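In what follows, chain A forms one complex with chain B and a second complex with chain C.
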Partner chain A sequence: MTLMRVLFYLMSFIAVGSALYAALSKNLVRSIFIFFVTLFALAGLYVIALADFVAVTQVVIYVGGILVLILFAFMLSGRETLNVIEQHKGKFINMAKVPAVILAALFLAVIVNIILKADADNLPWVKQAIAQKNETTPISSTIDNIGVNLMTTYLLPFEAISVLLLMALVGAAHLSRKEGRA
Partner chain B sequence: MNYYFTYFIAAIGLFSFSAFFALFGVYAERKISAFIQDRLGPTETGKYGSLQTLADILKMLQKELIVPAAADKWLFMLAPAVIFIAVYLGFAALPWAPGLIPSKTNIGLYYIFAIISIETLGILMAGWGSNNKYSILGAMRSAAQIISYEIPAGFAIIAVVMIAQTLDLQVISAQQGILATEKIKFAGFWDVSQIGGLFSWNVFRAPHLLIAFVIYFIASLAESNRAPFDIPEAESELVAGFHTEFTGIRFALVFLAEYSMMFLVSMIAVILFLGAWNTPLPNIGGVKLATWTTNVPWGILWVVIKTLGLVGVQMWIRWTLPRLRVDQLMNLCWKVLTPAAFACMLISGVWRLWLM
Partner chain C sequence: MITLTDFLLVGALLFCTGMYMIVSKRNSIQVLIGIELMLNAAILNLVAFGKYDKLNNGGQVFALFAIVLAAATTAVALAIVLNVYRRYKTIDPDEIKNLRD
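Coming up: the complex of A and B.
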């Protein structure tokens, strides 16, 4: 057990545990805050996978943006709405949950199947990359690569996303405007 | 094992530094506010009241930790820790001198930018956990303000990054003095690679960064919830905003976080715009002032002096300007700072292509 491995299992345990708490807790605000722990543990896992840029982006976008947005939506909605959700009790097994159970079971089957078939220890493309020395080392800078690729190979998807975001922005501005005479 | 030991030493050192700085900062704030308002400030405890903040902290440590009956206990208790740790984590990537940095990462600047946004979450935790309308209003205002001002701050930072071409804070620092590996030009025409000093700082390398610096500085005031952007704490309306319910050591942690945040954002401003640990003294012919004053002890001295200078300006502004209203706050952010920051970013691109 190297230190890396200990850290990996620690982070995975925190991520899975906190995700379970977020899904099972009846207290919605606490689930959101514990979701922050999940996202942070995931960022840690990205760092272990040498994807430091992805890790920091995860923190900026999810923690600094999306989570705060969810909390805003939460705190601006009334207490009554929240209480209805918190008091929602049902039997552990009931008809309303059947589709969710089926979906979850199917998804689990797909994941298990993939893990068994993939044989992650000797993937051909990984071996090829190691043979060609085409790999990321802990000290290499990842941002140059990301920048160059975004501006060359993936320019069209990048621009398409920016147009999509612009549309969302215009839509939000339109919706939040007070109704005029038109 | 020695390897890990150094990490612990660095972490403890940074913690004691931020605690010591908060003590000093509170005392300085009182004395500066007293000077500006023509009062005396603390005078009783110790010579010139210098032991006042130490006495305050001793008092706070002894106070009872009160948890309001209706509060969400866990959120309430964890919030001060989250707020402080978020700021404290940022210190890990700050360079202090040539070759002296707790954690040399390729994306140090981006990391600090990410870490600062975590503080918002701690503030929201405190506001919601207290179960008090003043707290929640303060927390909402604070979060809205921090998120809005992250945009001009971010674009001002990008303007620098486009000139520096890196996110590594140590490399950005080294570029602004005689240790630079590339050619440094003062205002785009005068080669100062060997002269160094004041002339090779980022604000003088590309003069439009002076505007970016002002934008970043204003936005950083808002991000650390300092006046004139202190509507989250607005005493006249909200008692004390998100930390109304906190007592004793928890309140001390919130305060520690505020002062550490002031130091953190000022130090980032110094690193990005004002030459980091580089000396302001240039080489003049045979008098190699810059070469003599660029090493580890001098580096620490310069960076601390510059940062304390900026912290002093923050305090000066706090006790001079009145508090902004919410609509004025948002107008300033979206109609003045954001377009100006965009313009700086554009100029940076052109500058990098044609003048460097």
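Coming up: the complex of A and C.
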């Protein structure tokens, strides 16, 4: 039981636990704020998977950008959004949620079964990567390599995503302006 | 050492949690959080596999692309949520049944 493993279990426990709390909580505000914790724990998991740059990006974009946007949408949509949740208070088991639980549980069973059958650690290309020393090690620095690759190998997706971001920006601004002059 | 299967199992758990949120919640914002959870589970898988691609960094670069796409999606989705709230005074997906006219 190495320290790495303890950290992995801790991070994944926090991530899954807070995600479950966000899913089961009846309170929208709690659900949003506990999602912060999930995202931070996931950033920790990315660090354990030796992707430190992705972890930093996760913290900057998700926690700094997306969650603030979600909070804005919650605050701008007023108190009535909370009333929807209050209606079913008191019932211990909500019958309307049973199909969703069944669906998620069955899907989880299928996915876990497939993961255990696929045996990802013994895939041919993974073995080959380890044999050819193409595996990221904890001491190797990946950020400069990511920068070079982003501007050479992945230049076309990079440009496509920049155009898509521009479109999303214009679209969001168009959608959220006042009605009546359309 | 932490194996790939561990990461995949955590990803599967998060994905199913997100799926439960999308199907069961009666609030558009919580549905959106569910979508973000599913995206994060997919990003976790990309990152875990990307460990075995040191030269090209395929996994990490596409994880970055997925994060940026999630940001774009959220911005547009929240603009739509605000519009729906302005028109219907509710953001329960079950209540929104009409087309524009």
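The criterion applied here is as follows: the second predicted complex is superposed on the first by the 148 of 182 C-alpha atoms of A that agree within 3 Å, B and C clash if a C-alpha of one lies under 4 Å from a C-alpha of the other, contacts with A are read in each partner's own complex, and residues count from 1 in each chain.
Just so it is clear, a residue touches a chain if its C-beta (ideal position, glycine included) is under 8 Å from a C-beta of that chain, and two chains touch if they have at least 3 such contacts.
These numbers come from a predicted model, not from an experiment.
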(request) Identify whether chain B and chain C fit side by side or clash on chain A in the overlaid structures. (result) fit
(request) Give one of first, second, both or neither to describe whether A:72 is in contact with chain B, with chain C, with both, or with none. (result) both
(request) Name the contact category of A:10: first (chain B only), second (chain C only), both, or neither. (result) neither
(request) Would you check which partner chain A:30 touches, where first means chain B only, second means chain C only, and both and neither mean what they say? (result) first
(message) After the superposition on A, what does A:151 contact: first (chain B), second (chain C), both or neither?
(response) neither
(request) Please indicate which partner A:53 is in contact with in the superposed arrangement: first for chain B, second for chain C, both, or neither. (result) both
(message) Which partner chains sit in contact with A:103 here, chain B, chain C, both or neither? Use first/second/both/neither.
(response) second
(message) So in the superposed three-chain picture, is A:63 touching just chain B, just chain C, both, or none of them (first/second/both/neither)?
(response) first
(message) Between chain B and chain C, which one contacts more residues of chain A in the superposed model?
(response) C
(message) For A:142 in the superposed arrangement: first (chain B), second (chain C), both or neither?
(response) both
(message) Once both structures are overlaid on their shared chain, how near does any Cα of chain B get to a Cα of chain C? Whole angstrom is fine.
(response) 14
(message) Counting contacts the way the document defines them, which residues of chain A are shared by the two interfaces, the one with chain B and the one with chain C?
(response) 53, 57, 65, 72, 142
(request) Could you please specify the touching residues of chain B with respect to chain A in the complex? (result) 72, 74-75, 105-107, 110-111, 113-115, 117-118, 120-121, 124-125, 128, 136, 140, 143-144, 147, 150, 167-168
(request) Show which residues of chain C lie in contact with chain A when the two form their complex. (result) 1-10, 12-21, 23-24, 26-27, 29-30, 32-34, 36-37, 40, 43-44, 47-57, 59-61, 63-65, 67-76, 78-83, 85-86, 89-92
(request) Enumerate the contact residues on chain A facing chain B in the complex. (result) 27, 29-30, 33, 36, 52-53, 56-57, 59-60, 63-65, 67-68, 71-72, 75, 139, 141-143
(request) Can you check the complex and tell me which residues of chain A touch chain C? (result) 2, 4-5, 8, 12, 15-16, 19-20, 22-23, 28, 31-32, 35, 38-39, 42, 45-46, 48-51, 53-54, 57-58, 61-62, 65-66, 69-70, 72-74, 76-78, 80-81, 84-85, 96-97, 99-101, 103-105, 107-108, 111-112, 115-116, 119-121, 125-126, 129-130, 134-136, 140, 142, 145-146, 149-150, 153-154, 157, 161, 164-165, 168-169, 171-173, 175-176, 179
